[in-house]
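Right, one structure below, let's go through it.
Labels for the chains are A, B, C, D and E, by order of writing; each one numbers its residues from 1.
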Amino acid sequence: MARFLKAKKEAIGLSPYELRFLGEQKLDFVKLRLINYSEDQLEERELASISEIKDFQSEDAVSWVNIDGLHDTGVLEELIAELQIDKLVVADVLDTHRRPKLQEYENCLYVSVKMLQFDDDEDQITSENLVLVFNNNLLISFQERVGDVFNPIRERLRKNKKRIRSSNADYLAFALLDVVIDNYLHIISRLGEKIEDLDDELIEKPSSDSLVKINTYKVEISYLRKIIKPCREMIQNLCRLDSELIDESIQVHLDELRHNIEQANEAVDNYREILSDQLNIFHTTVAYKLNDVLKMLTIFSVIFIPITFIAGVYGTNFENIPELHYKYSYFIMWGIIIITVLIMLWYFKRKKWL
Amino acid sequence: MARFLKAKKEAIGLSPYELRFLGEQKLDFVKLRLINYSEDQLEERELASISEIKDFQSEDAVSWVNIDGLHDTGVLEELIAELQIDKLVVADVLDTHRRPKLQEYENCLYVSVKMLQFDDDEDQITSENLVLVFNNNLLISFQERVGDVFNPIRERLRKNKKRIRSSNADYLAFALLDVVIDNYLHIISRLGEKIEDLDDELIEKPSSDSLVKINTYKVEISYLRKIIKPCREMIQNLCRLDSELIDESIQVHLDELRHNIEQANEAVDNYREILSDQLNIFHTTVAYKLNDVLKMLTIFSVIFIPITFIAGVYGTNFENIPELHYKYSYFIMWGIIIITVLIMLWYFKRKKWL
Amino acid sequence: MARFLKAKKEAIGLSPYELRFLGEQKLDFVKLRLINYSEDQLEERELASISEIKDFQSEDAVSWVNIDGLHDTGVLEELIAELQIDKLVVADVLDTHRRPKLQEYENCLYVSVKMLQFDDDEDQITSENLVLVFNNNLLISFQERVGDVFNPIRERLRKNKKRIRSSNADYLAFALLDVVIDNYLHIISRLGEKIEDLDDELIEKPSSDSLVKINTYKVEISYLRKIIKPCREMIQNLCRLDSELIDESIQVHLDELRHNIEQANEAVDNYREILSDQLNIFHTTVAYKLNDVLKMLTIFSVIFIPITFIAGVYGTNFENIPELHYKYSYFIMWGIIIITVLIMLWYFKRKKWL
Amino acid sequence: MARFLKAKKEAIGLSPYELRFLGEQKLDFVKLRLINYSEDQLEERELASISEIKDFQSEDAVSWVNIDGLHDTGVLEELIAELQIDKLVVADVLDTHRRPKLQEYENCLYVSVKMLQFDDDEDQITSENLVLVFNNNLLISFQERVGDVFNPIRERLRKNKKRIRSSNADYLAFALLDVVIDNYLHIISRLGEKIEDLDDELIEKPSSDSLVKINTYKVEISYLRKIIKPCREMIQNLCRLDSELIDESIQVHLDELRHNIEQANEAVDNYREILSDQLNIFHTTVAYKLNDVLKMLTIFSVIFIPITFIAGVYGTNFENIPELHYKYSYFIMWGIIIITVLIMLWYFKRKKWL
Amino acid sequence: MARFLKAKKEAIGLSPYELRFLGEQKLDFVKLRLINYSEDQLEERELASISEIKDFQSEDAVSWVNIDGLHDTGVLEELIAELQIDKLVVADVLDTHRRPKLQEYENCLYVSVKMLQFDDDEDQITSENLVLVFNNNLLISFQERVGDVFNPIRERLRKNKKRIRSSNADYLAFALLDVVIDNYLHIISRLGEKIEDLDDELIEKPSSDSLVKINTYKVEISYLRKIIKPCREMIQNLCRLDSELIDESIQVHLDELRHNIEQANEAVDNYREILSDQLNIFHTTVAYKLNDVLKMLTIFSVIFIPITFIAGVYGTNFENIPELHYKYSYFIMWGIIIITVLIMLWYFKRKKWL
């Protein structure tokens, strides 16, 4: 399936309320993790089923339920039943190929975004669809597989950082989005470093290897852009949103998110242009070097072709070639050759080829 | 006629109320199909004439009339007479080359869109103009020929999916548009797969065949873009529309449509850029390989041209060439030749051509 | 004078009220034609002078005065005097090089647009400035020369098409603009057909003739764009206009105009991109074929240059060349030559040049 | 100093109220000219000092003070003192490298714009910063040197054109801006003519001279664009401005200005694109012609290289070459040569090179 | 780390309230400088600790505290404690890689911008993050290292320029931003000069050195654009801001800032396009010169290859070559050679290669 757009045939014409998983199954189990916290306490726990959540929920604590693995619609139906999440919301979660969006529902906010991680072992970017559904004291995060970028947030929760522990789920949602976008920035800057390093290589020793690199980086940057542009639109909508579920005090942090995604977007655009420039420079350098190669060929050919012809003429075996018998003919031939060569050299000098 | 814009001479200066078919006739009959449904019942039937519809219409049921074939203005005049559709609306349906649009009329909404299907047999995209005219409990769909993408919707109606059976015609209109746009996404992703596969081919073994592919895909992507851009504008207008004919509960679904067409639009733009990049990479690769070819030619020429000249000189038949008679002349010539070659090789080494 | 912008030196610093003709005179007479119509009657007549109009005007009839030829300021002064047209309006009509615009005056609307026709005899597009000035029951159309695209409208008027005969001058203005824009679409589609036909030619047999065509079409498309873009702006303003002179019932038709000019604009943009793509494909194809040409040259040169040198060496006339006297030398030389050639062929095979 | 942006080191960090001349001094004197007019009288006079203006000012007359030369801050301080012009306004006038702008001050409007003239003697465009400061009955125009484009306006004033003589300073300001923009249009159309003439030259006989022209025109068009784009922004602001200093009756004229600068802007954009297209066509034509050159080289080389080799082989001096002694060998060699040539010719024919 | 985007791994997931320095430490001390001024007095002093500020603050004086070096969070915590600056504000200051922004806080405005200086010694542009935090009578400027562009402002303060000494901190903030942007303009104009000088060089003697220059300037211009674009956005927000901390009288100066940053932005865009044009011209010139080189090679080859072949044929040693024995054969051969050459020359003349 294409990397830039995935649209399965099975997805065509589905009811928006139909609970069918439309992504690729990446786990063979579903993992439910709960972090329940308030200013004074924090409880972390793996859950066997959604219904256990009820045991922890209380009005003055925030529950963060993280679900890894979306292929089991049974779990999701339980979610609908136990937590009064609209069926429409859950059906949406199941299409992991949708573009990032923000949707306001009656009793919750729905935010989806692509979570990027740099896999140091494989030296490549991996992408995963992330959905956050939250109201005042409950946030559910839906992930395609185990593993995410949220450990710094979990640490802050555990270390009783006052701000995050005493705020509502809206602050947690901001913190999660913030770390997602911080990762975008970090990944772009890592790719950017490689791109900027290409610059010197291009004029000094342009090789077919540089071309492969330019192409590879271009595809990566295009891929990042495809992910960042709709995310930026979503963050802008989030900043403009007027919802009871988002406290006024969060606005300054959302503005910060907007600045960060804007910076990511600008950086991606800049690097895209830099790569285009690099390709143009490479092409022109190659064309310029070709000129050099062909000047050399032309100089040698133009100098030697006429004098080789002269020698050829006197290599013929005609019986009657008067010049052959004159004593100094051979030396005169050399004279003519040398004069011819000197004229050619002077000509090339004047043309500034030499 | 051109594929990107069709504008017949006969269409010039027509009254907007004139019922004249301006498309290409693709059927030699007109097929009328009715699906009449409410929460409790569903009736499917092929109609002989428009007037039969009256037998089925009732206030609490929705009638979906599908018309395949638009060349018979008699049928359409009947429509105007029997169903109180404005003549202006029907005249508009007859120009199948118009761009997608949304128009509000006094008693109905008019939505036109291009319906794309991927014809697996012929391995090509086929396009057909689709018009939906609907009010609360009547939806008429106008098609150019038999065959459409609506079977998933018919199945949902037949299987008594609660939501669709208990909603008004606005929900049916949304469902039909949704399946049209889902098909856009699917078609783009199929084309996209081929485009992404080109990437490796381009640097490893660029052939004239790759060039043909790039060109073909570029034309297809441009064609998709021509269809998607005005459709996106239409969907945006639909989202912003404030009409009694669209229930508030539909808004969330229209927003989903907008997200999908936005994704289609972004994907098409991305693929267009990827193809441009691919063409640039191809061109530069070709230029780079030319350098290689000509370096080889130049190396061989520059090395052999001087030594061939030397041999030529001693092939002349002058009577008096003193060198010829010296015993070791031949070996000295070889010496000079070898030294010349070594100098040349050293020179090319230093230039990093070897 | 340049085709894309005409700005005469005489036009500089003129008072906006000065009646001076700033176009090129294309007629040596002025032709005044009147069509006066209401629901029950229609009168068509050529007028000798503006003052005759008064004889026909009545409150319940619409008068369409068409003026061909704008060089005679006498006629125009009469117009100002007899019909209470503002001097500013008439002065504006006289500068036929202005861009299309909409201007609201106290007692009339002023609309200017470029009227394009395809001259089948000369196989070229001709352009003419058209100005429409109208209030409720009078419309004056100003043309640079005899001949226009309005015959379908005159036919509709004569055939007593109910709608146009019973409406005010605003509907006539719409009908005239509609036919102008329908002609844009038709002309673009004719040019578009030629452009799309180029596509196959470009990869199969790119010739200098294809290049001439690409260039010619590019200039034509740019010219069309120059005319369509400001026209589109004008139509958008017309749709947004809130004037007593335009009846509410006309809005749906103006929206149609906007859709048509939008389609023209998109088509022109599409064709412009297609032509750019074609030029790039052409360039790359040419570069690719060059590679082929030079591979052949290089293969032949690289194979024959060394073996020609070998033959050259044994064509020298040194007295003492031991190899010459050995019985099988000649055959050994052939052996060396054949081995050399085989090595070269193997080398080129490995490089995939053969 | 750069032509596209001039920013002197001395300008850094200056107080906005500091009267320091930041342009290049182009005169060694300051020339003050006054035209004082009302409906019944006009007085033109050169002034020795600003204070003389007071003698002419009256409530029902308009005074147009034109100042050529801005280096003498004494004159400008007098202006501030005598005419109650804000110091901020005058300080702004002194930085002649600023971009065009509109600024509303408490008692006056400030409009700056670049005045272009085509110097027919030198065959080049000259630019000069023009500032207009005006209230109801006073307009001060600041110029860098003697000589401007305002003579048509002065003529209209002298000839008692009713409109201009009976209006306030706002109409005069409009008239001056109008003539400035008319000159833009004229200059673009002159340059445009040359650009359009290039078109034929490019395909028929592309020379290095065409390249020089393309480059020169590109720089000129870029320069015009740099001047026109901010001017257009300024005119748009002027049209939107709601100031007591601009009478309602002027609005229609300002709209005209906006149309003219829009036309200038579009023309510059069009010509820029045309020049880009021309460069691409030139480049592709050159590449195509290179193909021709190299096809010829390859045909000759490929045909003659093998047969020259054959002749070379039989020019060797081996003692034992059996073929040499056979009576018809020479003619057989010719036969082989001719067959080789024919095969090559047939091959090139099939490849459509011939 | 990349120059166009710096995003440290440590920054990921930090609480927005965490005081951690995220830039590169450029000093090993922190330098605190205070300028305290009112209309009548000015006091300049280096501070040992933040707490000393209190000694100088009074209601009718403005205190400008400048902090060079941000690595010492102790100093910053003191700032929070002593001056009631929000912790959020100070945490933001510590991430020196953020893009320029404007943020309104409850009791202060936060403005960040990149300060550019041209280092004449090193012949390169240096960038430093600058943050201004201010309320009515206190402005704190945060810098990464000692050295800035503010000396002209300090001079104006010391020389008792009335306006700056009698205004609030908002005017000081404007003056500081003004000098930052003036430096942008100056730096662009210096780079621009070099770019414009390239123009002649490119057509007359394009060398690989020109290519290096184009590339270098392109990177510099891209870097300037990356810095200027978000700064422009920030200034636009500042102009639109409605805050009690900015006096109405400052608006005219903010508008001036907006004009200046707009001019910087346009200049950078212009130079970017000029550089792209220059690269295209360079490429095309190189291609054109290649044509020249290869025409010469082809002319020489095509003329000499056939006649060298003829000579070769008569150099063969066949026993029976009848022509060799005819008395005038040699001269006839010369005749044929000369005729061949003349035909070739005529042919090249006709093709306009000569």
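Everything below uses one rule, namely that a contact is a pair of C-beta atoms (placed from the backbone, for glycine too) under 8 Å apart; a residue touches a chain by one contact, two chains touch by 3 or more.
Keep in mind the model is a prediction, meaning the values are calculated, not measured.
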For this session: Enumerate, in label order, the chains that touch chain A and chain E alike.
Result: none
For this session: Could you label the chain C-chain D interface same or different, taking same to mean over half of its residue numbers are used by both chains?
Result: different
Exercise. Can you give the whole-Å distance between the Cα centres of chain B and chain E?
Worked result: 40
Problem set entry | Cα-centroid distance, chain D relative to chain E, in whole angstrom | 25
For this session: Name the residues of chain A that each touch 2 or more other chains.
Result: 283, 287, 290, 294, 297, 301, 305, 308, 312, 315-317, 321
Exercise. What kind of graph do the touching chains make: line, ring, star, complete, other?
Worked result: ring
For this session: Please report the chains around the ring in sequence, anchored at chain A, with chain E in second place.
Result: A, E, D, C, B
Problem set entry | Complex interface listing, chain B residues touching chain C | 1-9, 11-17, 88, 92, 98-99, 101, 103, 105, 205-206, 208, 211-212, 214-215, 218-219, 222, 225-226, 229-230, 279, 282-283, 286-287, 289-290, 293-294, 296-297, 300-301, 304-305, 307-308, 311-312, 314-317, 321, 323-325, 327-330, 333
Seminar exercise, completed: Within their complex, chain B touches chain A through residues 149-153, 156, 161, 163-164, 175, 178-179, 182-183, 185-186, 188-190, 192-193, 195-196, 199, 202-203, 252-253, 255-256, 259, 262-263, 266-267, 270-271, 273-274, 277, 280-281, 283-285, 287-288, 290-291, 294-295, 297-298, 301-302, 305-306, 308-309, 312-313, 315-321, 352
